[in-house]
Amino acid sequence: MLNLPIEYPSFYWSQTKTAIDLKVKDWIDQRIPTDEDALLKRQWDIVVMGAPLSRSSISASGASEFPEHFRKAWKGFSTYNIDTDQDLRDLRVLDFGDIEMHVTDINKCHSNIKMSMEGICKEYPNSIPFTIGGDHSITAMLVSGLKAAVPSREIGILQFDTHLDLRDLKDQGPSNGTPIRNLIENGIVKGSNVYNIGLHGFFNGPSLINYAKEQKVNYITLRQARTNGIIETVSKAIQELESKVDYIYLTIDMDVLDIAYAPGVPASTTGGMRTDELFDAVITAGRSSKIRAVDIVCLDPNRDSSALPTVKAGVHTFLSFLSGFLNKG
Amino acid sequence: MLNLPIEYPSFYWSQTKTAIDLKVKDWIDQRIPTDEDALLKRQWDIVVMGAPLSRSSISASGASEFPEHFRKAWKGFSTYNIDTDQDLRDLRVLDFGDIEMHVTDINKCHSNIKMSMEGICKEYPNSIPFTIGGDHSITAMLVSGLKAAVPSREIGILQFDTHLDLRDLKDQGPSNGTPIRNLIENGIVKGSNVYNIGLHGFFNGPSLINYAKEQKVNYITLRQARTNGIIETVSKAIQELESKVDYIYLTIDMDVLDIAYAPGVPASTTGGMRTDELFDAVITAGRSSKIRAVDIVCLDPNRDSSALPTVKAGVHTFLSFLSGFLNKG
Amino acid sequence: MLNLPIEYPSFYWSQTKTAIDLKVKDWIDQRIPTDEDALLKRQWDIVVMGAPLSRSSISASGASEFPEHFRKAWKGFSTYNIDTDQDLRDLRVLDFGDIEMHVTDINKCHSNIKMSMEGICKEYPNSIPFTIGGDHSITAMLVSGLKAAVPSREIGILQFDTHLDLRDLKDQGPSNGTPIRNLIENGIVKGSNVYNIGLHGFFNGPSLINYAKEQKVNYITLRQARTNGIIETVSKAIQELESKVDYIYLTIDMDVLDIAYAPGVPASTTGGMRTDELFDAVITAGRSSKIRAVDIVCLDPNRDSSALPTVKAGVHTFLSFLSGFLNKG
Amino acid sequence: MLNLPIEYPSFYWSQTKTAIDLKVKDWIDQRIPTDEDALLKRQWDIVVMGAPLSRSSISASGASEFPEHFRKAWKGFSTYNIDTDQDLRDLRVLDFGDIEMHVTDINKCHSNIKMSMEGICKEYPNSIPFTIGGDHSITAMLVSGLKAAVPSREIGILQFDTHLDLRDLKDQGPSNGTPIRNLIENGIVKGSNVYNIGLHGFFNGPSLINYAKEQKVNYITLRQARTNGIIETVSKAIQELESKVDYIYLTIDMDVLDIAYAPGVPASTTGGMRTDELFDAVITAGRSSKIRAVDIVCLDPNRDSSALPTVKAGVHTFLSFLSGFLNKG
Amino acid sequence: MLNLPIEYPSFYWSQTKTAIDLKVKDWIDQRIPTDEDALLKRQWDIVVMGAPLSRSSISASGASEFPEHFRKAWKGFSTYNIDTDQDLRDLRVLDFGDIEMHVTDINKCHSNIKMSMEGICKEYPNSIPFTIGGDHSITAMLVSGLKAAVPSREIGILQFDTHLDLRDLKDQGPSNGTPIRNLIENGIVKGSNVYNIGLHGFFNGPSLINYAKEQKVNYITLRQARTNGIIETVSKAIQELESKVDYIYLTIDMDVLDIAYAPGVPASTTGGMRTDELFDAVITAGRSSKIRAVDIVCLDPNRDSSALPTVKAGVHTFLSFLSGFLNKG
Amino acid sequence: MLNLPIEYPSFYWSQTKTAIDLKVKDWIDQRIPTDEDALLKRQWDIVVMGAPLSRSSISASGASEFPEHFRKAWKGFSTYNIDTDQDLRDLRVLDFGDIEMHVTDINKCHSNIKMSMEGICKEYPNSIPFTIGGDHSITAMLVSGLKAAVPSREIGILQFDTHLDLRDLKDQGPSNGTPIRNLIENGIVKGSNVYNIGLHGFFNGPSLINYAKEQKVNYITLRQARTNGIIETVSKAIQELESKVDYIYLTIDMDVLDIAYAPGVPASTTGGMRTDELFDAVITAGRSSKIRAVDIVCLDPNRDSSALPTVKAGVHTFLSFLSGFLNKG
């Protein structure tokens, strides 16, 4: 069972689970050879996988190093959220490890990602797979894997991004510029079931806009979202999605953030979202009972500044989702 | 014709103009020896000049390196603006190159700047010269050059800055602390036709305040602007200027921005403007039909952090102006 | 008289006091051997002390270097505040120097801090001691010193912080995680007279919350403060404190700021306060006539980025307090 | 003719060729559409190509950005070499541009590299192609391209590297860990005709050593080279190669340098070569009349420190080769 | 058994021990709760302990973070040493974890260090304890612990350092400026049995020189060592020590390195040792059969530059010792 | 008396002169208003002046900030030199302060420098003026000032530099590229009395070589100096100068150092001198009884990396000269 191309986590935290005050590192269970069978049989709310692939990025990217930095950063976070007066320890979270990657065969990487997602979704139908990228090319594979597990279900996408990710696959293949188009062209997701929030400025070309309009992709610029309220905008998108699809896939491209808050992405931009806005957006999304899977992508720790604002924002985004999820109706 | 002290751009982009999705680097024409005559005869909406001078700065500055970094950064920006659903390619923009500078003779630098501005204004009476500094001392020369080209017209100034730039020229000559006073004392611009928006905190001394009050310079602190709305504040200043002058000169000192958004200025300060506020301010200004010339100054790429937030903010400010300009009534 | 364990300031600025435009470095008096007696006899509004101790921090910290960086940064600030159109030179401020520290005996450091505070409070009953940390462990000593000077008075605390600082002293002694608990357990301050503003996210554990609730510590998260308005929240806390205590001690942990604004703290977090919010909060506090003493802590210049945003924010916070103080009813 | 998958250089320098003192940027000719035919017909000593590929690297790498940084850095170097009292302007050098790369199809990238090299070698049989990587995977393709152009000739390799690059292709495909093995397994180069100089420390595994011994690859550690003299060691290797092969291919992996001199490589190591040693080695190699082609690889400008020591070392290495070449017997 | 104040390692590597090519992370055994008893019974050549203490440093130091960075960096090193054609996997090495530290009680930290060392020495009389600091204050405790375990044996010290570490304990207690004096004054080690190699420049005061001369401490400046040869100098010191003592304790203060090679130490200096010199020195020392214990101290990862030259030099120093040790007569 | 355009030092160290172990900051006397007359009458071995001018640099430079950083860095150095077993406190050194500079009038800056040097030389005929630049343009003024003080004496120059500094003044005026030519053309120094040591690589153009040869300037490349020995090369130059001139002026351009050792210069180069070589060279020069004045130039602290290797190298160079001087025959 569970013969998936997934390696054990790159390292294990020494955990002390008995303290009143718990760090995230002491709370999340990690798949470990000696204890594997018992672990795999448990009921999990969330299954975390790393997808350390970024050689599929248009510009040079070290997003493949984020899963390891993500785990390292757990020690800076408590499980208790003072904003909501809740403790995440009530959730059961498993770190399953990292999907196996090949150095030069990007197709192999992509099929491993799809296969892993399909396997996890089948094995843990009541858990949310939360994938830590890697670049945005992985989302096409993850959603395809989900679809393969639940072929009869309609899937919608809620995307926070500075980009539409609708580039033509003929130009450069399944790169981090194409995942949404990839899914539309392959009939996995309808354009009208994609909601992109956070676009701004001079970072998308007309061909993408044309395609978005043709396919009825819903996109709301950051400016519009701020005018209507970030939380209200996300709530409305969720509501519309809930009325149209069975499952919502949430994909968070960390480059949606402003360069002042998140220098550690391959093509950081000025004029983007603030972290408090993103956290609000993600908490709101986490409350939807139709959210079926999540990913965080395009966070390159090699480009982060020395205080690691982007890596920390990545972990905080993950925990914000869990906070919303814990509050689910 | 056009025997001006301006050198060709330091480098040329290899351009591919046929793509649907166009980068700024593929769109802006650059003055080039082989094609010069034809180029110079065209009608241009915007003529860009570099003014690589910063040895006139009070504190050590590498703002002289901004024109080159400005051009390099074009490749990170599309011509299409998703916020306004407009494409800047409808504008005709020429990169004329950099004004010639002398290593040790600051007066010579200044007279080259004035002479270049006068020449461009006369040759291209329907184009907007957009100068890329360099430090703020260049503004006195640029406005003087404009005045020399249109001596009978009244010129007003809209300035975004953390400083009043009203220091006494007797103390340190025509440095980056004196341009506005320089223009007032030389009768080029009336104090009452200067509008400075963005002042804050502990970065101006009482002598400057006294002079500003004497000369009826209009200054609105960032705090006041936020209370009334940035866009509203700029609109009101523009309206007042439009009723009093023939031409508005827009000067943008990038040190108006907060240090979190723009570390790459010689004396970055805490408590300044956010980039989204500056972009709104500049778009608003760009819509005025009386804007006659623009500059961006005091951006020192050597001090920028490695993700280049300040350089990117500088280019985005330029493109924001063009977006407003494209919308001009 | 004044035989306190305080060393002269680490260096003296060459001052030119006659200029119209005064820098902070030219304004603040510094205790100096040749002039000491005359200086010490004057009436001071504010007495500044450095407390260069950070070996008492939970995580590695260079906050001990802040007093020196604080003084160095004075040359970047004018005494004139354009937001309030006031000049701080109307206040009399003395830089008393740095409290003596021991390399390996943290108790000795702490008793020197307490003794210095008590001495200054007795000698200058009408002055506000403003201590430049150092880490937050010093606050327990500073408030204890104040209490020793005015034993019959009730003292309350207004704290801006990302943390509750209520860790159990049994676990790690008088570290920077424990100062408020230290004061409560020693009967110096009642829990109900502590107001903590700025908490957010995943940076406090349940044991601290439990203790806070038991002791009726008042805490207002950043999210709540933003909902109600930062200024309104601080005003309300001040009002409540004024009705309950004789003296308010203001303690500002710079880690309350967001990592984008203040990377230079030992455990910088995403999701924190903006500098404009902190400055508003501090100005508001400065207006209370019951403020008796202030400190700024946990600013580690070694971790700051090269433009020194955090060090500058620290000085601006100090000056913001003085601006509020100058406006005191 | 010359229908090769090579794009024009990413940008062109504005050149002033008449000065007595010439910068490298003013000297090297760049392929440019308007002037292409005349240029391509000339006799060139050196033809420079960029190979901006690094998604084939084992660890995350931005070596794809080196060709652009390489060209930018030309403006910091004179053509005159004071050590040898020679002027490189006596050589004819063409910047042909960058080999076209695909975002997700690494095989396509590799075949473009091979095809470009074969084409250049055939078209310019008397010129030395000098390729600017990119990661070390390109060397397998470049040598294969050379072999395809001169199939009857025996080719040897002189390699400066911290690594043997003999990993098994079965494990990870044609990555930057495999180029030499790739060439040996494909019969392009005999193991005994490979000379690797610069190995040191703990950066190669036993499987590589075993393979090297089996295949009679010649490897000389840095320690051995220092004992015998760097110049002497390189001279001896060259001499042996000259007696065995028709052509020598020189490949310079910049990670051979010590981390103090070259932090800007994906896996910088302590204990490596100094730059003065590398320059001596390269000058010595440049003097051999059997050198037929050269590459510089694995220099990642994104990881360089802000003074750009590694990028500058890369350009200096290139110029050092030309200095040796100019002195060729 | 083994009830020592030592915590499990902060994290565990996922190990794959079957590969031909082994990384250090896959080779070193780590003490782990589930497997503890079996592990503790084995014969170990080397027992590694972290001593994460740096609050005892004169200047602010994050050397306490080195043990964790040390472990993280294992993945960049192979077990095979190409210089000596040896494989370290033939040695049995146990990572025992980190000695427990107290946040504010430095004496408690110090006694834990001493107790841990004594325990390990008694339990593993045939193993070499290799301690990863932490600052240099720990050496006094480690040598005292060793002495407590073997009270009748004469211990000598071989020290690589920029400093004499002979400051008076009366001035600042058992800080990182005092360990050697501490040991001499407590009769643990005779001054004449201390050999310090690497002193240079302006970083020691006359009082230390006087004390060194009084106590007959042997010190050889870097300049003298270079004149006589680094290896020869170390060999001679080792020989003299071997003739006088039973056991040699080797202590390596990483600040002996030049700032160009090791920026990541609290008080990095210009004019220091190169890494190749230090590695030679340490290999030479490792060959002595009288070496009984080793430490590496004063490496502050927070101050390292982004390529981590100092952290990598620290690990390489550790492996260099093991290489020498493997060659022991 | 001594009415020179020199300001007091920018700040004063709090000094404790009674300790056995003395820091440089506690030793060097600083000119201070209250104590000025007594100070100025004393006999000084060395008079230190800052010349904070770098707007005369070809490329953007913050070398004007070095005098302040130079003073700040004194606290990291002892007066005792362990290499020579000497204590610099036996020398009498005065920090006279900084020469007054003008923001926009470079000629005024230059004449202030010349006038200050002439005044100091006349007033202190037995002291060595040691000037802390600033950029290399100041050397022309300093030597001219010396010549004005001793018009009948022949002056020679010993220069450590990567550049010849023989650019034509007609091209760019008295910049940092011209000082030596300036002196030759003005008849202050004969070309044959100039010795430049340290040139290397591709950083000087043929026009400079031609001029050097015409004027019989002596230049020895770094490569030649290493072949003959750095100390031997400097000794020989000194000997030749001593036989030809009355006074030797030593000028040290910090860009002579390799970029690995000194990233903090405006145009740092690969292939330069190591710090140990420079210190040896400077100590050797310091021993000559004909050395009459010294400067250190072109050190830009704004470009230094965070551990400040270049600033520290600058101070160490200063102290190395004093060590040589103390040993003078």
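Labels for the chains are A, B, C, D, E and F, by order of writing; each one numbers its residues from 1.
Note that a contact is a pair of C-beta atoms (placed from the backbone, for glycine too) under 8 Å apart; a residue touches a chain by one contact, two chains touch by 3 or more.
Keep in mind that what you see is a predicted model, and the values were worked out from it rather than measured.
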| item | value |
| --- | --- |
| Any chain in contact with chain B as well as chain D | A, F |
| Same or different residue numbers at the chain D/chain E copy interface, by half rule | different |
| Relative orientation of copies chain E and chain F, as a Cα rotation angle in degrees, nearest 5 | 120 |
| Interchain centroid distance [CA atoms averaged], chain D/chain F, Å | 40 |
| Chain B and chain E: spacing of chain centres that average the CA atoms, whole Å | 58 |
| Intercentroid distance (Cα basis), chain E paired with chain A, Å | 43 |
| Shared-contact residues (touching 2 or more other chains) in chain D | 260, 303, 305-306 |
| Complete list of chain pairs which touch one another | A-B, A-C, A-D, A-E, B-C, B-D, B-F, C-E, C-F, D-E, D-F, E-F |
| Chain C residues touching chain E - in the complex, by the definition given at the top | 54-58, 60-65, 102-106, 137, 171-175, 177, 300, 302-303 |
| Residue ranges of chain F in contact with chain D within the complex | 199-210, 221, 223, 258-260, 263-264, 267-271, 303, 305 |
| Residue numbers on chain E that touch chain D, as the complex places them | 20-22, 24, 76-83, 85, 87, 260-261, 275-276, 279, 305-307, 309, 312-313, 316, 319 |
| Touch list for chain A against partner chain E, complex | 7-14, 34, 306 |
